[in-house]
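There are two complexes below, and they share chain A, which is joined by chain B in the first and by chain C in the second.
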Partner chain A sequence: MNRASLHFVLAALVAIALPLFMRSGTLASEVLIFAMAAAACNLLLGYTGLLSFGQGIFFGLGSYAAGLTLLHTSLPLGAALALATIAGAVAATGVGWLSIRRQGVYFVMLTLAFSQFFYFLAYTFKDVTGGDNGLLNIPRPAIGPFALGESWAYYAFVAVLFLLVFAALQRVASSTFGRTLLAIRDNEERARAIGFPVRLFKITAFAVSGAVTGLAGALHALLIGVAPLSSIEYHMSESILIMTIIGGSGNLFASVLGAGFYVIVSDLLSSIWPRWLLLLGGLLVVVALFMQKGLWGLLERLVEALQNGRKSPVEAPVRPESEGRSI
Partner chain B sequence: MSTQVPILAADNLGVRYGSFVALSDVTLSIRPNTIHSVIGPNGAGKTTLFHALTGRVRASSGRISLNGRDITHVSDDKRVPLGIARSFQVTSLFQNLSVRENLRLAAQGRTPLQALAPWRGVDPRGGALAVADEVMERLELAHVSERAAGELSHGQQRRLEVGMAVAAKPRLILLDEPTSGMGIDDVEAMKALIRDLGRDHTVLFIEHNMGIVMNISDTVTVMRAGRVLVEGPPALVRDDPEVRRAYLGNMITGDIA
Partner chain C sequence: MIYLFQLVNGIGLGMLYFLLAVGLSIIFGLLHFVNFAHGAFYLLGAYLVYDMTERGVNFWAGLLLAPVVVAGLAALTEAVLLRRIYHLPHTFHILVTVGLALMVQELVIILWGPVGGNVSPPDVLGGVFMLGDFIYPQYRLFVIGLTLVLAIGLWWLLEGTRLGAVVRAGSESTDMVSLLGIDIVRVNTAVFALGAGLAGLAGALAAPIRGVEPFMGVEALGIAFVVVVIGGMGSYTGALIAGLLVGIVQSVMATLWPEGARLMIYLGMGLVILTMPRGLLGRA
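Moving on, here comes the complex of A and B:
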C-alpha cells in the first residue's frame, strides 16, 4: 500500500472510530470539520511554505454564505455549500493575490491585516451578518431523502464530505501541481528560473485552500445553527494554524490528528479548568521546541520503536531518505 | 558571419541599482551554435549581465532580443519556454527533493501551465521524466538519482546545477561560473561537458578558469566596470594590451587549442 492510500485509510478509520468512542455527535462533527480546515491550511503551510493568518476569513465567509443562502433563499443545502465553497475560493484568491506580493514577515502581516479587515467588515455590516450576535437560526434542511436534523445523521453527512475532500486534497498534493508547490517551498528563486510562474501557483494554492476552508465554515455554521462573529475572527485563523502545527505539516493526515487533538482536548479541558488555553500554549511551546513534525512525528517514532522492538536488528530498517519527506 | 541573425542580442543594455551603475551600454551579439564566454575581474558586471539577459533583473535601459524578437519586458519565467535557461554561480537547487525530481521539474518548466492543474498526475506522458533520466545519464548522476540534492558532493551539485539548465532543452544556455569551487578532475569533466553542450545548444558562460575559456570558446567578451572592454576570438583577446591591463597581473594563461 502506498503512502497516500495508507493515509486515506487512516482518515477513514478516524471517521468510523469517532462515533464509537464519542458521545456527542456535535463534537465528532466538529473534529472532521476542523480536520478539513486544518488540511486546507496545511496545503499552504506544509506544501507551499506560506503561513497564512487568513484562514479564518475563508472559514467565516463560508459560514455567512451558507447561512445567508439558507435563511434568505429557497435554494437547497447543496447549493448553499457550493456557494460557501466558491465564496472561500474567491476571497482566498483575492487575499492571496495581494499578500504574496511580499514575502516572509510582510506576507504574514498582510494576511493578518486582511483578517482584521474582514472581521471589522463583518462587525460593521450588522444587517447582513448579525454583527456581534452572529447570524442566528440557520436551518439544517434535509439533503435529498436524508434528514440531517439528528446530530449523528449530520455527522454521517459531514464524514462523507470529509472523506471526499480529503481524497481530493490528497490528489492535489500528489499532482504535478502539488509537487511544484513543494519545489516552490524549497527554493522559490530556482522555481522561477526554471520557468514556473510562482505567483500563479501560490494564488491557485490559496484558492484551493480557501474553497475547502469555506466549505468547512459552512458545515460548521450548519452544525451549530449559527454563523457567529467568532468564525471570522482572527482567533479562528490562529486556532486553525495551531491545529495544523500541532498535527505536523509534513502530510495531510497529520492535520486530521491535529484537529482531532485540538477539538477534543479543548472540550475536555474547558469543562475542567476555564484557563485551559494556558495548557494549550504550553503544548505549542513543546511542539515548536522539541517535535517539529508534530503529533504525526510522534506517531512515526512510536511505530518505528515498536517495529524495532519486534523485529530482529539484522533486518534492514526503512531507509531514512524515503522516510524523511513524506507527502 | 555578420549576416546571421544572432540568437541573443543586447543593445546598449544598462542596469542601475539606485545610483549604482552595474551595467552600461553593453552591446552583445551571440551567434547561434557557438560557445561564447564572458570574462572580467570581479565586479565587472558579468553576473548582472546574466541576470538582465535571463530577466531576473529588469534592464534600466537598452534592449534585449532573442532571435530578433524583443524580450526586454518578458519576465524571467516566461523566457524559459522561449528557449533560455541558466545555471547559477551559487548553487541553487531544490535541496530536499531528489536529483530526478529536480530535473523533472526543470524539464516541466518549459510547459509550466500544464503543472497548474491540481488534478493532473505527475508527468502522465513521461516526457519530463525521460528528459530527467537522459540528463542524469549525461551528467553521470544516474547512480544518485533518488538522493536529495542537498546530500550530493559539491562536484555533483555543480553538475546538477548545470543539468537544471540542460533539462529545459533550451536553445541558449547560460552558465554562471560552472566550475566554481571544483576540484581539478571535476573541472576537466566540466570543460568536456560544456564543449559537448556546444554541439546542441548555444552556450554563453562566465568563467574565471582561463584554461577553459581560451580552449573551448569561439568568442570571448571581456568586461570591466560594467562595460564591454574587448570582444573577439580567444587569440585576439589574449594578446590585447587593454585586457592585460584590466587583469593587472592576474595572468591570462591557458593554451589555445
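Moving on, here comes the complex of A and C:
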C-alpha cells in the first residue's frame, strides 16, 4: 500500500471511529469540517510554501454564501454548497492573485491584511451578513431522500463529503500539478527558470484551497444554523493555521490530526477554562521550536519506536519534504 | 471645516500608525525578524496606561511607564527566546510570535476582563482648543505634537547617533558589524526593545482616544502591516508617509462613509498593490 492510500485509509478510520468514541454528533462533525479546512490550508502551507492568514476569509464567505442561499432562495442544499465552494474559490483567486504579487514576509502580511479587509466588509454590510449577530436560523434541508436534521445523520453526510474532499486533495497533491507545487516550494527561482508559470500555479493552489475552505465554511454554518461574524474574523484564519501546524505540514492526513486535536481539546478545555487559548499559544511556540513535524511527526516516532521493539527509540530522520519550509 | 477637522484627526491617527509601524520596520530592518507579536506590544501599552489610571496613578506617569515596561518585557522575551530563532526561516518567526501574541491577548483578558474600558485624558488636556471656528480636543493636539517630536527624535537617533549608524550598518550586514567589534547581540536586544517600546507608546497614546479592548492588538497589527506593505519594511520615510496616508484616508472617509472607514484602508492597500506592487517607495 502506498503512502497516499495508507493516509486515505487512516482518514476513513477517523471518520468511522469518531461516532464510536464521541457522544456529540455536532462535535464529531466539527472535527471533520475543520479537518477539511486544515487540509486545504496545508495544500498552501506544506505543498506550496505559502503561509496564508486568509483562510478565514474563504471559510466565512462559504458560511455566508450557504446561509444566504438557503435563507433567501428555494435552491436545494447541493446548490448552496456548490455556491459556497465557488465563492471560496473566487475569493481565493482574487486574494491569491493580489497577495503573491509580493513575496516572503510581505505575502504573509498581505494575506493578514486581506483577512481584515473581508472582516470589515462583512461588518460594514450588516444588511447582507447580519453584522455582529451573523445570519441566523439557517435551515438544514434534506439532501434527496435523506433528512439531515439529526446530528449523526448530518455527521454521516459531512463524513462522506470529507472523504471525497480528502481523496480529491490527495489527487491534486500527487498529480503533476501537486509535484510542481513542491518544486516551487523548494526552489521557486529554479521552477521559474525551467519554465513553469509559477504565479499561475500558486493562484490555482489558492483557488483549490479556497474552494475546499468555502465548502467547510458552508458545512459549519449548516451545522450550527448560524453564519457568525466570527467565521470570517482573523481568529478563524489563525485557528485554521494553528490546526494545520500542530498537525504537521508534511502530509494531508496530518491536518486531520491537527484539526481533531484542536477541536476536541478546545471542547474539553473551554468548558473548564475559557482562557485555554493561552495554553494553545504556548503550544504553538513549542511546536514551532521543538516539534516542527507536528503531531504527525510524534506519531511517526512512536510507530518507529514500536517497530524497533526493545531497541531504544531512534530519532525519526527529518525528510526534507516533510520539514517546515521557509516562505 | 469638517474636512479640516478630519484632516487634523487623520494626522494624529497617522502619526500613531507611524510609531506602530516604524517599530515593526526597524526590527525587521536590523534583525530580519518578522514580529507578529507587534500588535501585542501595542495592546500591552494601552492596557498598562488603563490599569495605572484606574489605580489612580497620574496619567503622565502611566504614559511614561507603559512603554518602558513594554520595552523591558520585549527585551526579556528577545533575550530568552527570540534571539535563538533568528537563524530559522521566517515561518518560524511568524509562528512563535503568533503564539506569543495569542498568549498576551489571553493574559490581558485574564487580568483585565474581556470587555475593555475607557481611559480619560489628563485634566490639563481634557478641554478643547479653539481657533476661530476651529474647535479641536486638546489631547489629540498633544498627541500630534508629541509624536512629531518623537518622530524627529527617532530620525536623529537613526541618522545622527552611533547607535543609529550601527543599526543601519547592521541592516546591511550583521556579520560585518560584528567583525568591527560591536556587540551586535546587545544592539539587537536594544533595537527590539526600542521597536516594541514604540508600539507600547502608540498603544498608550491611543488609549484615551479609542479606549482599550483585548482585540485591539490584532487590529493594530493589521494596520501596521498595511503601512509597511505600502511604505516598505525597514524604511523610516516609508513608514512616515504611509502612516500619515492611512491615517488621513481613514479619518476623511469617516465623514463620508462612517461604517466603511476602516474598510477603505484595506481597499487602498489593495489598490497600491495592484498599481505599485513594490509599494510607494519602490523598495523590495
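In this section, the second predicted complex is superposed on the first by the 309 of 327 C-alpha atoms of A that agree within 3 Å, B and C clash if a C-alpha of one lies under 4 Å from a C-alpha of the other, contacts with A are read in each partner's own complex, and residues count from 1 in each chain.
Just so we're on the same page, contacts are C-beta pairs under 8 Å (C-beta built on N, C-alpha and C of every residue); 3 or more make two chains touch, one makes a residue touch a chain.
Owing to the predicted nature of the structure, the values given are computational and were not obtained by experimental measurement.
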Task = Look at A:190 in the shared chain and tell me whether it touches chain B only, chain C only, both, or neither; answer first, second, both or neither.
result = first
Touched partner set for A:172, first chain B, second chain C, both or neither = first
Key: Touching partner for A:272 - first (chain B), second (chain C), both, neither   = neither
Ask   = For chain A, which side has the bigger count of touched residues, chain B or chain C?
value = C
Message = According to the stated criteria, A:182 is in contact with first (chain B), second (chain C), both, or neither; which is it?
response = first
Request  = Identify the partner contact of A:20: answer first if only chain B is touched, second if only chain C is, both if each is, neither if none is.
outcome  = neither
Inquiry  = Is A:208 touching anything from chain B or chain C once the two structures are fitted on A? First, second, both or neither.
reply    = first
Inquiry  = For A:198, using the defined touch cut-off, is the partner it touches chain B, chain C, both, or neither? Pick first, second, both or neither.
reply    = first
Note = On chain A, the footprints of chain B and chain C overlap at residues 324-325
In the complex, chain C residues that touch chain A = 28, 34, 81, 85, 89-92, 94-96, 98-103, 105-107, 109-110, 218-219, 221-222, 225-226, 228-229, 233, 259-260, 262-263, 266-267, 269-270, 273-274, 277
Key: For the chain A and chain B complex, residues of the former touching the latter   = 171-172, 174-180, 182-183, 186-187, 189-198, 200-201, 204, 208, 321, 324-325
Key: Interfacial residue positions of chain A with respect to chain C in the complex   = 51, 98, 101-102, 104-106, 108-110, 112-117, 120-121, 123-124, 234-235, 238, 241-242, 245, 275, 277-278, 280-285, 287-289, 292, 324-327
Remark   = chain A partner, complex, touching residues on chain B are 54, 56, 75-78, 80-81, 85-86, 88, 92-97, 101, 105-106, 108-110, 112-123, 146-148, 151, 164, 167-168
